Amino acid sequence: VINFCVIGAGRMGQRHGANIARHNAARLVYVADPVQERCEAVARSLGARAITDPGIAIEDPAIDAVVIASPTRSHVDLIVAAARSGKAVLCEKPIDLDMQRVERCERELKGCSTAIMIGFHRRFDATHMALKQAVKDGEVGAIERISITSRDPQPPPANYLAESGGQFHDQMIHDFDMALWLAEAEGSVDVYAMGGNLIEPYIKEHGDTDTACVLMQFASGALCQIDCSRRCVYGYDQRVEVFGSEGMVQSANVTQTAVERFTHRAAMARDPLKQNFLQRYEASYALELDAFIGAVSNKQYPDPGFQSGKRALMLADAARASLRSGSRLRVEFDGNRAYP
Amino acid sequence: VINFCVIGAGRMGQRHGANIARHNAARLVYVADPVQERCEAVARSLGARAITDPGIAIEDPAIDAVVIASPTRSHVDLIVAAARSGKAVLCEKPIDLDMQRVERCERELKGCSTAIMIGFHRRFDATHMALKQAVKDGEVGAIERISITSRDPQPPPANYLAESGGQFHDQMIHDFDMALWLAEAEGSVDVYAMGGNLIEPYIKEHGDTDTACVLMQFASGALCQIDCSRRCVYGYDQRVEVFGSEGMVQSANVTQTAVERFTHRAAMARDPLKQNFLQRYEASYALELDAFIGAVSNKQYPDPGFQSGKRALMLADAARASLRSGSRLRVEFDGNRAYP
Amino acid sequence: VINFCVIGAGRMGQRHGANIARHNAARLVYVADPVQERCEAVARSLGARAITDPGIAIEDPAIDAVVIASPTRSHVDLIVAAARSGKAVLCEKPIDLDMQRVERCERELKGCSTAIMIGFHRRFDATHMALKQAVKDGEVGAIERISITSRDPQPPPANYLAESGGQFHDQMIHDFDMALWLAEAEGSVDVYAMGGNLIEPYIKEHGDTDTACVLMQFASGALCQIDCSRRCVYGYDQRVEVFGSEGMVQSANVTQTAVERFTHRAAMARDPLKQNFLQRYEASYALELDAFIGAVSNKQYPDPGFQSGKRALMLADAARASLRSGSRLRVEFDGNRAYP
Amino acid sequence: VINFCVIGAGRMGQRHGANIARHNAARLVYVADPVQERCEAVARSLGARAITDPGIAIEDPAIDAVVIASPTRSHVDLIVAAARSGKAVLCEKPIDLDMQRVERCERELKGCSTAIMIGFHRRFDATHMALKQAVKDGEVGAIERISITSRDPQPPPANYLAESGGQFHDQMIHDFDMALWLAEAEGSVDVYAMGGNLIEPYIKEHGDTDTACVLMQFASGALCQIDCSRRCVYGYDQRVEVFGSEGMVQSANVTQTAVERFTHRAAMARDPLKQNFLQRYEASYALELDAFIGAVSNKQYPDPGFQSGKRALMLADAARASLRSGSRLRVEFDGNRAYP
């Protein structure tokens, strides 16, 4: 049994906490959050101990692993502290919004052999996993093109936007990871971005886009296109397509039910898509935890690991810079470490 | 080149005539219809000669084949006359509504080697043909169950109903042929029917059903279910499913376009189904003519032939009798002739 | 909080027990099973007390509700004992295989006001519920036809068959309930059955069918067709279709993932269907428990209740008798009690 | 009746000729082609007169309209000659591969009031038309994004490539027109292109790409993405998606039949997509001719007209230049003329 501390008692912390509490091979020992009331309520409902200082858990030798679901700007320090204390880490994305801080984190982790996993939960969706497996099995042959569509049902509120890092770093970062995971890209990636403001004026006021598209070319010559929107009236639109020399595999959308309606106006009409990421990816968080626990138990480095988090951030940085400059940028992945 | 006479200048005669006129290996010589004005108009538009007496064509040695698209009660006499005169015959279904007359026709055809094809046009639909091919190729293994759904967009007008022979003989006869074609059934078939009046009172006044279901069991033990309705607001519903030991193949519905709409109420909503049999099976009539011309040219007996027409009628008769008696009836196909 | 005893520690008892243990408004107090070792293992894993005699729980005033997941032949006595002791009852289907025993149970329940729910879990599937809601909302207008397809992936083992009551009572009983639920049928139902042995010889040796079809007509004139098979190589085939004057609604099949493959042989190929009822209806059991707890809490009579269990059995009895006699049978539902 | 001359007796000329010959409101008078033998064979089969010099038809006052299906480099001179002679013109795309020649053509057409239509046949596909209608009807609200996928089954042969103008001018030009038609774009368009060689070495040797993607932004801020490939093993992949504030409409792919297969490996597998543009767009050419004849008869300017041809070429030129320079280019549409 692996003993956990969950840092952060917000929406994601609660979800991870509940999954840990229910897991046969895990035990939730601590919930850490500076807001004492919320922390105690969450800890109580999950049968854990509430602490306002995560340092207590990080220094407790009985703790094997921490889940970091606190605000982004606290991630780097918590990762370093936990890793140096020998704890395995499952950290929500992004590692940080500032590449310099991510690189400092990387330097400070040198020599630590502890497992660090970044929470790209989409990799644990059954349909995306089947897509990945098909690609690995050679069903599409050599990859020629990846297309990813990612549309949120509603834009985030203004106060969230301010801290989000923007559409590329908050929303599209999942799609960058998806692309790198599917393509197993090494070497260089060319990145070009276009974006605009078509939805809500307050998004523009924050200097952010609400509609964006990134076009990438991998060293193999394969192309990748990512399409993001902050609003989608028919639900949470999540599609991935991999096209190659031998065919195509798609990860199609998931509807709320399998009902089909036939009227004088329409045939085969289904219910709208799943409404949001919690509904669409509910099972993914549990499978993500399984994978993390499996890696920790078997002393394997988890995937997606720290480098996955860093590389997705590199692409997000390049996309933002391309949007501003109007020109293509090249990102180089160094070969120090096999992906992931 | 095969020289044709089309008998009957109504909707079906016009359709066959147009297909013949456009066919490279055929020439439309005569259009025959007792209503002179209509006959002349149709013949003129197709570049053919109008005759009010089909006997002229039947006795004309230059004529190779006749298409019989006249009223049902005239079919038997025209088939016999044309066949005895050595013409190949493509006759619209049904051969006749009266089994005694069909059997007389069969006796009078004894010794005639001429090709007789019955117009079960659905056999020439690309999707149904692909279904049949899949079954023949063993894709579903041994057939365990056939399901056929056949729903017309609107009920026929009252004056048509009076001459139609009823729902089993007018509408479901196509499905009986479909079932026999797919199952390649020999020996006996058990038939049980249920039906009712749920749509239009005038249908009940004619002593007919508007909603009916037939359940059959072939000698192999395989089951077949046919579902017919005289009204369907979402278009012309035509589905066939063959299920067996190795899987299932379906002939799915065909929508008017491949547009898919996504709104806050629905996902993947398509346009309604094709509106009626002329729209759904437009290409089938041309392929049916190809098959007929091919059989005539190669001196092969066409399929569906006379026996197909007779067997479908046997099932329709049994269904009507079962509906009236409330009990199951057994139909025996004699082994005189390989199906078709 | 409602205190539960689960009677029967087999597959279904474990599932109900796990759902109760995790439910906020429920507490699992006892697990009862005569096989002491299994009983203790299950009770321990769920934090409950193991008892070999369910009478202990039935007589314990702290217990509010029992779930009966023991062998079928024990259901009637346990229902009566629990109900007389004032416990709410959630009993797995069927109530019993013998209608005389069901009617005795009904008589002995006279005067008991306790809630009795029969475990027709399909009613709590999200897609079937959306179908039911659409029908209730009048989307299809007046019902003209219901079609239900129900195909299990593999036939049950021979030792199970002996106690199952046969295909109509074990498998199709769920479809009978589905039909009655959707049609809200009152009055009489005409039932006709056909069936055969196409799959495994040992099923025939048990005097049972493996492939069956039932055709029914409700008092309204609407038709219903049920298609069952004991083997289906592409997974667990579960489809329901309701057709009426204003359109059609289907409860379509559910595939294992939403991946779609495109090759030179096929387009849009999806993964096979969910593999079995536990996979397909996993969420239904939790929602069924919610509904039961909701009814108990609100002192409402649950639906599906005792009469639902009895009526489904009446149809199964009629189907079996129709198969043997080859003739149609009429079932009369008395009007004593509003459905459910 | 409108009297036609078809110039060019190759594949496209034959198709247009056959559609004209069969059209009630048209008469095919001449087929013109310098290769006398082919010209005569085609003319004979269509009941027309063969001429090797198209000038004969252009000067014949009995001729109302010409269809230009000759090699691209002859288009401009033929358009000018025919227009000056008062003939309506239906010209296959592109007008020319050289923008200077197109602009010269435009100048020389000044003052001619004759109808000139460019053969962007996809606009007459039933599904694309339904998509356009939905957009016009406001179903998706304000357009935020257009996505077009266009993948040919096989790359063209090397000798064709040399004259094709390259992937942007030969293949993607249809998608540029589709995008402009759907967006009704005015003002400026920003264009950025990426491409590569992943399929056949001989394509690279011709200095062309085989895999390309163009990203565009209209003056409204809406984005458009076009994805082209010269090879697609599952058939002719033709998809269009328009996403906006109120929803999404897709023009989905069209399979060869509506058969669906269910096996232990797959569910709902359909036949591959239509195999090529002739199969996919067979009906579009006839509807294109209808639209041309309708415009000529009603003295309306046809759509897509000359400006549509010019604008699509402007985008193709910009895409090629962007691919070479690696930077974004802006195309300005002058406001002289309403689109089309």
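When the chains are written out, they are named A, B, C and D in that same order, and each has its own residue count from 1.
Everything below uses one rule, namely that contacts are C-beta pairs under 8 Å (C-beta built on N, C-alpha and C of every residue); 3 or more make two chains touch, one makes a residue touch a chain.
It should be emphasised that the depicted structure is a prediction, and the values quoted were computed from it without experimental measurement.
Of the two chain pairs examined here, A-B and A-D, the one linked by more C-beta pairs in contact is A-D. Relative to subunit A, the most remote chain by averaged C-alpha coordinates is B.
Our note on geometry: subunit A versus subunit B, Cα centroid distance of 58 Å, whole angstroms. Put simply, the C-alpha centre of subunit A and that of subunit D have 42 angstrom between them. Contacts with at least two other chains are made by residues 233-234, 246-248, 253, 261-264, 271 of subunit A. Only residues 22, 126-127, 129-131, 134, 139, 246-254, 256-264, 271 of subunit D touch subunit B when the two sit together in their complex. Residues 233-235, 237, 253, 255, 261-273 of subunit D are the ones that touch subunit C when the two sit in their complex. Within the complex formed with subunit C, the subunit B residues making contact are 142, 144-145, 147, 149, 151, 190, 192, 194-199, 211-213, 215, 217, 220-223, 225, 227, 229, 231-234, 237, 243, 245-248, 326-328.
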